[in-house]
Amino acid sequence: MPGTYKLVELVGTSPKSFAEATRAAIEEAAKTIHHMDWFEVVEQRGSIADGKVREFQVTLKVGFKVER
Amino acid sequence: MPGTYKLVELVGTSPKSFAEATRAAIEEAAKTIHHMDWFEVVEQRGSIADGKVREFQVTLKVGFKVER
Amino acid sequence: MPGTYKLVELVGTSPKSFAEATRAAIEEAAKTIHHMDWFEVVEQRGSIADGKVREFQVTLKVGFKVER
Amino acid sequence: MPGTYKLVELVGTSPKSFAEATRAAIEEAAKTIHHMDWFEVVEQRGSIADGKVREFQVTLKVGFKVER
Amino acid sequence: MPGTYKLVELVGTSPKSFAEATRAAIEEAAKTIHHMDWFEVVEQRGSIADGKVREFQVTLKVGFKVER
Amino acid sequence: MPGTYKLVELVGTSPKSFAEATRAAIEEAAKTIHHMDWFEVVEQRGSIADGKVREFQVTLKVGFKVER
Amino acid sequence: MPGTYKLVELVGTSPKSFAEATRAAIEEAAKTIHHMDWFEVVEQRGSIADGKVREFQVTLKVGFKVER
Amino acid sequence: MPGTYKLVELVGTSPKSFAEATRAAIEEAAKTIHHMDWFEVVEQRGSIADGKVREFQVTLKVGFKVER
Amino acid sequence: MPGTYKLVELVGTSPKSFAEATRAAIEEAAKTIHHMDWFEVVEQRGSIADGKVREFQVTLKVGFKVER
Amino acid sequence: MPGTYKLVELVGTSPKSFAEATRAAIEEAAKTIHHMDWFEVVEQRGSIADGKVREFQVTLKVGFKVER
Amino acid sequence: MPGTYKLVELVGTSPKSFAEATRAAIEEAAKTIHHMDWFEVVEQRGSIADGKVREFQVTLKVGFKVER
Amino acid sequence: MPGTYKLVELVGTSPKSFAEATRAAIEEAAKTIHHMDWFEVVEQRGSIADGKVREFQVTLKVGFKVER
């Protein structure tokens, strides 16, 4: 991977699973960032309501090539 | 979130996925803890039997408001 | 668990989820390692193509008994 | 400190500072836990509203002697 | 918190305290980032001059909702 | 290990060794917690008096099954 | 260093050394970021081809003053 | 900062706040160490008496230039 | 220590102490690995039965020279 | 990178630099491991003799595809 | 513990156990450092000879009051 | 390595590379510390001026035998 890359940190959310929360963040980010290459999971959390998981939250670092 | 909160550490288990193990721990805890607000994943492990994943295990910290 | 155990570090991959990537690594490893007992998730990453998650990657430590 | 001690994890909150959030959690906990001896700061976070810090949040471990 | 969030990393400074340095960074960031929701303290450092603390420095991650 | 488990954090002390401090905490905890299954060492510290180790202190997480 | 600073995370690459990969990332970033002050190494990795190091990769955090 | 620097680790204490405990340690150290340049917070703890914070304790690394 | 070394990760067990569990793992490994040079403790855990420590478990990395 | 990968941990040494120690470990490992893909730096240490660096030591994790 | 404390980092060694290595370092340090109060275990390692543990090595931080 | 060792923490600087910054710190320290045995890299940072790396900075722990 010659060149220089940048990492941005995102939090994706999903009522279903950590994998869906990951997909949601990547697909949202794709609207403004091009050429995303890889992601790394930094943290997994969630919110609870009425004694059930309401939302899975995944913090990701996403790497993409710096284009000039 | 004004007030004071407490964190308890739980391990949930599931034969299907880390997301199911998370749900199982939260729903079991809901039987004795009220007003749970959020969770954080601390560790993900599992057991293996006959060369297959037998069980997904998720260690969580669960936060809830201290009520008087 | 009396006796001595060994840990090996593996990366499993799946287009579907972290849980599937975990299963894939364990089942591949079962072809050469016997008596695997447990696993621990060390890292979760993935690759992105065309603005979508292409692959979930899970780094695992897998423990098994040393047999003589 | 002979004997056995227990640690509980708390989150204190304050609109003013991390030190006030620490004091608030300890004083709230004192209503139900006796003989608290020490605390350790685990995490410092906060919430933001209208572009200003609304609340300082401090996660603490608090140690106290197990009494019989 | 449904939706996707972004985290940016900032360093705030203050001659008075860590809490003031945190406030300073959030208020400066509010000039260009809207809808900031939470912050996490990553690191606390400072500079020393003439044998006294000259400046408290707080590294923060600040989370805000990605708007389209 | 199907079911849900809880982790509590304890500090055991001993004038003799880290292993004895571990045993002391487990045996004290057994008076109130049933079905303890495993422990993990979190931290090892101690106190010093007159230039000698006075006390070994071991912080443990202890896991046990949640019974209903 | 009075004022507020921002940190961005970059990955630089070089076939020669970690120091060259660091220089490459800083010099590329200088094309769009002014007043960069310091960097911190977060991770060092690389790729291998034909049994030799093909590329050194350095992940950096780079700090610069927020200008208005 | 050309030259070689040394880091020493100190614990400062204050009944009022973490910021005061930091100042106290730096000012005490200034009596024997010259040319101190920066500090980093390593740990924040405290003691509790009668259900209130008795003392804030801050562990710092302090950097200063090695003079010949 | 010129040359190239390899690290393997082992878990040793003992009913008596962490030191004995360390010795047990090294002596078992010596049956198949030659020229072991050093070890590093990665984790200390254990199992509990009937309210007593049943087994001390030590995870080690063991370094040895790669021989051709 | 579909398929399953394995990670091995190596220590390379060089009297010249961390980059040379990395190259040395990879090239030595290439004699027995095929299809190595990437490496990650885990630790950097060294030995000192007569007040000078005698040897740079780099601990690496090296990833390669599991072939059947 | 009002006042300012200093921490020094030591490595103690023993052919018998980690507890003995801890005691050895404290007792050696007592020859030059007065009023040592507490220690924290930072790392546990050891050397191996002829397939047996030759030496247990414990890295400690030791805290003592700064006297004027 | 029988006996007791001490660790000191140093920061070396160089305009050229991390390896040179390491050598600079060790050689400066050799003027006052005898019998240095090993070093461990704790942190790698640097300063930037005019969009270029001005200085590589390496924080090291250096171990040496305590002599009486």
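All chains are identified by letter, namely A, B, C, D, E, F, G, H, I, J, K and L, in their written order; residue positions are counted from 1 within each chain.
The working rule: contacts are C-beta pairs under 8 Å (C-beta built on N, C-alpha and C of every residue); 3 or more make two chains touch, one makes a residue touch a chain.
A quick note: this is a predicted structure, and the numbers were derived from the prediction, not measured.
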{"item": "Any chain that touches subunit I and subunit C", "value": "J"}
{"item": "Inter-centroid spacing, subunit E versus subunit D (mean Cα positions, whole Å)", "value": "22"}
{"item": "Separation of subunit C from subunit K, taking each centre as the mean of its C-alpha atoms, in whole Å", "value": "38"}
{"item": "Subunit J and subunit K, separation of their C-alpha mean positions in angstrom", "value": "31"}
{"item": "Per-residue overlap in subunit C, given as positions that touch at least 2 other chains", "value": "8-9, 17-19, 29, 47"}
{"item": "Pairwise chain contacts, counting only pairs that touch as defined", "value": "A-B, A-C, A-E, A-G, B-C, B-D, B-F, C-I, C-J, D-E, D-F, D-H, E-G, E-H, F-I, F-K, G-J, G-L, H-K, H-L, I-J, I-K, J-L, K-L"}
{"item": "Partner subunit F, residues of subunit I touching it in the complex", "value": "16-19, 43-48, 51-53, 56"}
{"item": "Residues of subunit H defined as touching subunit K within the complex", "value": "8-13, 24-25, 28-29, 31, 47, 55, 57, 59"}
{"item": "Parts of subunit J lying in touch with subunit C, wherever the complex brings them together", "value": "1-9, 61, 63, 66, 68"}
{"item": "Residue numbers on subunit C that touch subunit B, as the complex places them", "value": "17-19, 22-23, 26-27, 29-30, 36-41, 62"}
